[in-house]
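Structures follow.
Next, two complexes with chain A in common: one pairs it with chain B, the other with chain C.
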Partner chain A sequence: MSPHSCVKIRKEWDIVSARQLGREMAKKLGFSTVDQARIATAVSELARNIYLYAEEGQICFEVFETIERKGLRMGAFDTGPGITDISQVMQDGYTTSGGLGAGLPGVKRLMDEFDIQSEIGQGTQIKTVKWVR
Partner chain B sequence: MDKIVDLDIAHYKTLLKKYIVTQDEQSLYGVELVSKSFIKNNILPEEIISLHIQALGELYPDINLDVKHSMDFLLEAMISYGLALQEVQILREEQFALKSEISVAASMQDTLLGTTIPDVSGLDIGVISIPANQLNGDYHHFVKGNDGSIGIAMADVIGKGIPAALCMSMIKYAIDSYPEDKMSPKMILKNLNRVVERNVDPSMFITMIYSQYLPSESKLMYASAGHEPGFYYNAAKGTFEEIETEGLILGVLPDTDYKQYELEIHDQDMVIFLTDGVTECRDGERFIETEEVLNVITEYIHLPAQELVTNVYKHFERLQNFQLRDDFTLLILRKEV
Partner chain C sequence: MSIPILKLYNYLLISIQTEIDDKTAIQFQEDLLDKIHKTGATGVVIDLTSVEIIDSFIAKVLGDVITMSDLMGAKVVLTGIQPAVAITLIDLGIHMQKVATALDLEQGLIKLYQELGV
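The block that comes next holds the complex of A and B.
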């Protein structure tokens, strides 16, 4: 396992590969079973967004260690249409996929840190961190 | 907080152990209480599954691996439920905030649109106006002129809730700016029509009936802008007649003239103004007949005007299972010698 690995998302099957890589890294880092499951669910949400709304993108993982703590960095990068109104997609109850997706607010809850940037016509970058407790 | 949770976790394990041995109801009741405490402390479903797995591992160090895997599988299935639960909690808090904001708006509306029944000898007036939701889209207002005349406005914004309520405030302040006792009902409607036409969204309509009572002449002058027709009760004959009203709804055309009518009122005669929330009450799926409104009024006709309108309202409130579908406003004016 390299400290930095990515999975390209082009088809639905790639979501599973991304989940798997995320879970393996989480397990090795010493995350609890619950947190492993949360990370995997966050991967699903981000990867599915790429699969549904962007032509192409990737999910990247990186082990992140400081003296006091260690964690997993996860990023989602796509070259899709971008998000017009980020405040709106970050609102609870707003989802374009019929209400069952956890959406980006869900990802924010599953992870400890969350940041998003988007340019119309250029794509979206989401960076998240989960710390080992 | 964390201490309580730790205690609950310990308790959960003890209860689980006891239940596996005895399958007693007491342990089940115990876990019900623990579960409530978990909910109170925002413990998510996946965390409870995790706790369960942990407890099982401690109780049975050599637990069947298949069972253990099945529990991990269950935990995975609960993650989305946990997220959905957190979302619902946030939405519930937002709903609560909205509700209290609306109730502040409602009490502000009461203050803004407040009006008092003028005390005029020889005239008994009763009025009741109840919104279907928190904010009222019906409006009524009394004006006592310097010449002793009484102006009575009643209006209904087609639609309910916040837009209707906002619109009403505008109407009230427009009327307030007129020297009512010097303006006839038809002139007031003509002016208001212009205000509404200029300022209100074209999809919003307002109906209004404006009347002016001259005690010295026992004469009621009125004009209507598409408002629900009221009734005149002829005490000598004991009959109700629909008041003649003709006039375009406010805000449709920029320059509209309104027709003014006159009615002579004798002792014990009544004039009844209302909004369609009264005439369009529903009994189940059936709209009530106008006849029924008049029958109920007749039933309480011996009472003073205020008690009369209150009793009519109570009748229809009950008929509709205490859930008004539209704002309800009923005003009765009775001449007494």
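The block that comes next holds the complex of A and C.
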């Protein structure tokens, strides 16, 4: 498996493909079963958000290793409408689609590092990292 | 892919064996309510032993199906939730406090039997 791979998100089934790839990479890297599930869940949330709100985008994975530690970078990139108020969408329970509003705040808790950048009319970029313990 | 629903006396048994995508989840919701309506089932066990991930969407569908079944007079018990799945649900902030759960399918049936009789 290449250390860097992306899954395009266009149709519903791509959400499943993305989370399967995320889990596979997490397993190869030596993450615990619980962390594998955390990563797969985070991928599922971000991929679904792309599908629902941006229509098209991609989820990318990158393995990286330093002398001290190993980690998995997971990013979600879309060219959708962007997000007006980031602090609002990061609140538990905030949803514009009748969901639980658990996705974005959940991903922040599931992963070790979380960064979100968004520009109206340009799209949204979310970068996360999980470290192998 | 549709999820098979088995009938056993007054109960319905479902063991989810496939990776659930969004369409399958919605289809399952409709199929189960339809089956409750047709059979007059009073109890439902949904076994999640093989389910490796429950994200916010699937959690919502499951929560909704439990509420809807309840409205139709059928009690739902969830069984076999894997430790990793329970942990990620809490990370997502999803607590499912009012949901009946049991360790496995057998315990789920016992739970229904104790509460409802056959």
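In the analysis below, the second predicted complex is superposed on the first by the 130 of 133 C-alpha atoms of A that agree within 3 Å, B and C clash if a C-alpha of one lies under 4 Å from a C-alpha of the other, contacts with A are read in each partner's own complex, and residues count from 1 in each chain.
In this section, a contact is a pair of C-beta atoms (placed from the backbone, for glycine too) under 8 Å apart; a residue touches a chain by one contact, two chains touch by 3 or more.
Just so we're clear, the structure is a prediction, and the values are computed from it rather than from any experiment.
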| item | value |
| --- | --- |
| When chain B and chain C are modelled together on chain A, clash or fit | clash |
| Chain B versus chain C as contact partner of A:Asp92, first or second or both or neither | both |
| Partner chain in contact with A:Pro105 - chain B first, chain C second, else both or neither | both |
| Of chain C and chain B, partner touching more chain A residues | C |
| Touching partner for A:Val34 - first (chain B), second (chain C), both, neither | both |
| First, second, both or neither for A:Arg48, with chain B first and chain C second | second |
| Which superposed partner A:Gln122 touches (first chain B, second chain C, both, neither) | neither |
| Partner chain in contact with A:Gln20 - chain B first, chain C second, else both or neither | second |
| Intersection of the chain A residues that touch chain B with those that touch chain C | 33-34, 37-38, 40-41, 92, 102, 105-106, 109-110 |
| Chain A to chain B touching residues, read off their complex | 32-34, 37-38, 40-41, 92-93, 102, 105-106, 109-110 |
| In the complex with chain A, residue positions of chain B that touch it | 46-47, 50, 53, 72, 75-76, 79-80, 83-84, 86-87, 90-91, 94 |
| In the complex with chain A, residue positions of chain C that touch it | 19, 21-23, 52-57, 59-60, 82-85, 87-88, 91-94 |
| Parts of chain A lying in touch with chain C, wherever the complex brings them together | 12-13, 15-16, 19-20, 23, 33-34, 36-38, 40-41, 44-45, 48, 92, 99-100, 102-103, 105-106, 109-110 |
